[in-house]
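Take a look at the structures listed below.
Look for subunit A in each of the two complexes below; its partner is subunit B in the first and subunit C in the second.
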Partner chain A sequence: MSSEHARQPVTMREVADAAGVSVATVSHVVNNKEGARIGEDARQRVRDAIHELGYRPNALAKTLSSGTSNFIGLVADAIATTPFAGQIIHGAQDEAWKHGYVLLVANTEGDPAAEDAAITMMLEHQVRGILYSTWFHRAVTVPEALRETDYVLVDCYEAGSTAPAVVPDEVQGGRTATELLIQAGHRTIAFINTTSPSPAQEGRLVGYRSALEAAAIAYDPDLVLNAPSDQEGGYAALDHVLTLDATAVFCHNDRMAMGLYDRAHERGLTIPGDLAVVGFDNQEVIAAHLRPPLTTVALPHYELGAAGIRRLLGDPNPSGKPILIPCPPVIRASIA
Partner chain B sequence: MTDDADKPVFHFTPQRNWMNDPNGLVYLDGVYHLFFQYNPDGNDWGNMSWGHATSTDLLSWAEQSLALPYTQDEQIFSGSIVVDHDNTTGFGQDGVVPLVAIYTRVTSNAVQAQALAFSLDRGMTWQKYHANPVLDRNSSAFRDPKVFRAADRHGRERWVMVAVEAEQRMLLVYSSHDLIMWAYESTFGPFGDEGVVWECPDLFALNLNGDPSHPRWVLVLSTNKVPDHDSAAFSFTGHFDGHVFVADDAETWRPLDYGRDFYAAVSFANTPDACRIILGWANNWQYAADAPTYPWRGAMTLPRQLELTETGITQNLPAVTEEALPAEPSQTYQADHLEGPVIFDAGRHYRFRLTCTLDDAAEVSVGLLSGAGMPAAVLHYAAGTHTLSFERTRSGRNEFHPRFAEVSSVRLPSSSSPSPSSSPQSLSQSLSHRLELDIFVDGCIIEVFANRGADTLTMQAFSAPDAREIVLSADGRAPIRARVELYDLTQITVANSRMLMLENVAGPPSE
Partner chain C sequence: MSSEHARQPVTMREVADAAGVSVATVSHVVNNKEGARIGEDARQRVRDAIHELGYRPNALAKTLSSGTSNFIGLVADAIATTPFAGQIIHGAQDEAWKHGYVLLVANTEGDPAAEDAAITMMLEHQVRGILYSTWFHRAVTVPEALRETDYVLVDCYEAGSTAPAVVPDEVQGGRTATELLIQAGHRTIAFINTTSPSPAQEGRLVGYRSALEAAAIAYDPDLVLNAPSDQEGGYAALDHVLTLDATAVFCHNDRMAMGLYDRAHERGLTIPGDLAVVGFDNQEVIAAHLRPPLTTVALPHYELGAAGIRRLLGDPNPSGKPILIPCPPVIRASIA
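Coming up: the complex of A and B.
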């Protein structure tokens, strides 16, 4: 997708750079888009640049009278190459298809240049809009090029802005995980949170505390640990958990629960008889295959993708805040 | 688990080829025998023969060799089997009690008449009676004989046969002392819609509330609409004096099952404690020939023990089957205020027991065989209207026939305990509805027993092989208290079939 190869066709981005305008402006000029407020001076610079560079507008796009194609773009940092967030693509694709759109997917590994090239190319294809997604829930800065079309942030958000976004409901997820343990009769529930600051770290703790409060269980800060969010973190945390007389533990994610299982087995403890465990993420390759299979809370990746498309295609969201997608519990066999 | 994700493990399916009606259901010496309409040569209807399978718990089945193969001159249509304890036929030899099959033979001139075959080795091999047929009306639609013992007006027991003139919508009753010479007794029908064929009748007594001093008679009848071939099974309660059946209300066709895949159900003969156990073909003629399975096609339902109460017939698993199922759930879940969705990683072979108390305004749904958020089948209950509906329209392989994806529904009048008053109630008091769903999912077969068998619903659903989730959900607007028990049955028949093989070692005496 790089423009360094001489044989590659001239892109709309190159025209925009040469003319000193945005890609959207080039697009509007090329397509004679009605209602575009573009000064005659800019319009002329674009025409000159097109002539000089030999830019040939995309034939497919040019034939479209509507001004947009039946494509929706999805730019992802790493969701195609991480094990469990690929369902974002699946959900977006199914939902786009239902509305008569085809998804164009670009996985950029978070490289800004690749991201910019992908967005530009999508604009050239006159996509109906673009979903910009990340493989874990985090804050992002919206790339400038994205503002030239309709877009929705998926599994990410821009801090302090009204940029349209759909994200998992971490608070509800944390509450749900804790409620599963409370419903099973547990009162002393440890929470092994992550050491990495993130919406998940904050939100799941808020959810944990609100579930305790609703059940009239006093919050004990000693029951909340922080550990690296991987197997080693969970493994190392178990010994400490056992000193707290907890009968149940909520792990920030399934990988930590996996490590916790290992240490529990080493110490001859039975799950869920000696210790009830709930995870988070529903990372299928882990949760479904631990013994016993891990009860967890799912990150709703499929639904995030689908909801992103619905938001893009006009689902209203008057609040201006990110749309929260519920994280459903996935019942297996690690709670008794 | 097999590679074939649709194939049931605790419902009977043949290893290969086409199967329809259950035939010759009989219990003998600890073994339940299932014979069935079978095409030994392909997985479309044709070359009709009787296949054979055995079970000790009606859950794990061992397929046996072909029992009654078709010949050039004769196809073997549906029928029944009796244990001729008193050797009334004379087929028994050296004190061996014969099993006698009474089946419809169809000859090349298209005449359907009733014929006999017998087995002296507990159903493993069969000989046809040399003077077949034994009952011939020179009809092209006289079929599906079901034979049982019943006393005449003078209290003398003899054989009684019910069979149908399918296209004339008539049930014919005959009697015999030896299964060979038959005397006409009576006709029930015709009534109901024209353009319907009647098939696979069964007639038996059920004691009201289990009280032997209050026997009632139940006629079970399957009907198939023409030309669209929509299939269903019905029951009529009434009175039978050994000669004539009189229905309490012949205009009330009470479905035996509210799904779309329950047909040709008949009962086992010779069961212990005279319990009445039926099973049917979990299919519908409308689309059976297009069902997307290979190399097998067709499955039987679970066995259901029938009991009669004032509110109707209940259908539950027989004790022998219940005992073979795990007592301890593999997963449990409860919620004081269910909000959806809750996902259960359930696999494709399981029992899902859901008990809810609900507010009047509550609705709850259970998505089955769900993958990527898309269930192949959805059960939905609306407390306000007591309506349980079932749809398989949302996903899965439902496009092989245009009418497969239709919605079925049933009103569950027995689901509501009466409210103490009609005045406004507090939240806890308003949880006046109780709903119990006992759901069996087995590959492509879904069977629902609602409110302890007061109503049942059987449906096929063909889903993606990785569709293994249950999605339980409520809209959260009205309170629902829910309790779930999930039992993994993926391995159930592996363990049980070992037992079955041991049982069969003690088997046939005549080898």
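Coming up: the complex of A and C.
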């Protein structure tokens, strides 16, 4: 047991005794009560005693007496399986702390019972509000209990409702990926999209088409394939891409690009010499370490978390539609 | 703003009015006060009113009146950059909930000021204790503020101290990885270790040697290389491995194995036919999707988090040494 390490917490009474004042005086100083008439001398003795004894004010008591807590809840569905959830937490925590709030994080791994328990726990702790986040961009049904407090959906949205939401700008991301290839001189650009229906599938295709249109390149539906969104999907798609006379390919995500690289190397092709490649996600552990390193478009998870907190705390959004967060390009070495 | 969604919390007074009892009676029922003489009929009316009105007890008030909180803190240094931290959180949360505790998670990204702020925040919230975790196994200096409460180090330890700690069993993991190759008939087994001094570097080598010894295979130091622990390190090491007449290679981690695969494929080698490969970590997004999928040894992050909570809440450890968590094999297709 580690109990022998733990010191007993210092009480307000001990601070009062050390400073030679009443407990009420210590309380006034600690809580910055306005209008309390305490001399600067006594105030300083209290501060000195606090410092010397290592007294820590009780945040829960403060919460209770002020009637509002400094907690914001974050419900995440996949902390354990993806670094993406971690980046949402990081962004949300940094932004919450800036505003004096502490993040209560709960991990549900998609289990409805865990989700219900997490939201209940947060409501019982009088949270200021809750961010409800998913690890990939999708439509959700807002859990009934969420409506008991302020909430913001992060990386998800409710179809046909005005539920506050913050999501990545898939259309802009798809356009940016395609533009990177167009700017390098490519005109015949294949797009390996995912087979999974999702806002990413739809939005990135819209972005791909709008980039072509802006460059006066005719849209050719034969250049758009669909494949499972993992390495195996990208690997299997490469042979088809080679029949299309494409000089460049936009992969729906970095995992597909990794598989596509493997098959391209097996076939003796050079990237980017024989085929330029752009990914999506910026999944660092893959994209930064492929041969050559993969140029891609980042999913802005940190920004999603931070923007979710700002929306919760009052950033106005008169449109009633989800707020779109830009997906920035990350330039490496797979386009020439 | 989402405020228009939020309902006013139901008060104990409203429950009392609906049930036709006093607020004190509601309080007794909610807090399961023993010895309170309340008829079963009134008790049922209170429960019905709670259910009907959606009343939620105030967990903070309970905490304050009982003098202990149901919070356990978890300080993590790299939530945003690795899924490993996520798995520690997942394991810690599941175990904490089992015991009626809620996890307060703080992310520091290795910043000492953020760490200090996180620990202070947790102490102010009267946490039952704190897990202090790192995303890779290493020695740390226990922050002074941690000693004000019960704590457990997770995936780290303090050299030469009895600070309670839970870490992966690197020696057993290295032995298991090597045994997988020996069991497949390999006798000349290269080991590409990391260049970074760490418990993993040291422990996995001890495990490698002990597996050889148990199989009566002489240890040949020429078979042990050192390389940077990423894809580029594994890629560059393959050529050296091929000069050693090894039929199998144990890579310090999965990222190195990924780079080694790339170079092996460039050189026209088949895995596992020409060279058997085993990794370490079980970094799913890589290991499960290499060609062929990588047999490896898992770092038990979920278990580290769960064991940390059990240690904090009183699992005895008379030895005073860090508790070792086993690293299990994950069999895929890279050994023949």
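Note that in this section the second predicted complex is superposed on the first by the 268 of 336 C-alpha atoms of A that agree within 3 Å, B and C clash if a C-alpha of one lies under 4 Å from a C-alpha of the other, contacts with A are read in each partner's own complex, and residues count from 1 in each chain.
FYI, contacts are C-beta pairs under 8 Å (C-beta built on N, C-alpha and C of every residue); 3 or more make two chains touch, one makes a residue touch a chain.
Since the structure is predicted, the reported quantities are computational estimates derived from the model, not experimental observations.
Q: After superposition on the shared chain, which partner residues are touched by A:87: those of subunit B (first), subunit C (second), both, or neither?
A: Both subunit B and subunit C are touched by A:87.
Q: Regarding the shared-chain residue A:264, is it in contact with subunit B (first), subunit C (second), both, or neither?
A: Neither: A:264 stays clear of subunit B and subunit C.
Q: With the two complexes superposed on chain A, say which partner A:302 touches: subunit B (first), subunit C (second), both, or neither.
A: both
Q: Looking at A:232 after the superposition, I want to know if it touches subunit B, subunit C, both of them or none. Which is it: first, second, both, neither?
A: second
Q: Check the residue A:332 against both partner chains and state whether it touches subunit B (first), subunit C (second), both, or neither.
A: First partner only.
Q: Is A:316 in contact with subunit B, with subunit C, with both, or with neither (first, second, both, neither)?
A: second
Q: Tell me which of subunit B and subunit C touches more residues of subunit A.
A: C
Q: For A:241, is the partner it touches subunit B (first), subunit C (second), both, or none of the two (neither)?
A: Touch partners of A:241: none, neither subunit B nor subunit C.
Q: Look at A:120 in the shared chain and tell me whether it touches subunit B only, subunit C only, both, or neither; answer first, second, both or neither.
A: So A:120 only meets subunit C here.
Q: Touching subunit B and also subunit C: which subunit A residues?
A: Overlap of subunit B and subunit C footprints on subunit A: residues 87, 90, 302.
Q: Can you check the complex and tell me which residues of subunit A touch subunit B?
A: 87, 90-91, 94, 179-180, 183-184, 282, 287-288, 293, 295, 298, 302-303, 306, 326, 328-333, 336
Q: Residues of subunit C touching subunit A in their complex?
A: Subunit C residues touching subunit A: 1-3, 5-7, 9, 54, 56-61, 63-64, 69, 79-83, 85-87, 89-90, 93, 97, 102-107, 109, 117, 120-121, 123-126, 129, 147-152, 163-164, 230-232, 235, 255, 258-259, 262, 265-266, 283-286, 289-291, 302, 311-312, 314, 316.
Q: Along subunit B, where are the residues that touch subunit A in the complex?
A: Residues 330-336, 340-345, 372-374, 469, 471, 484, 486 of subunit B touch subunit A in their complex.
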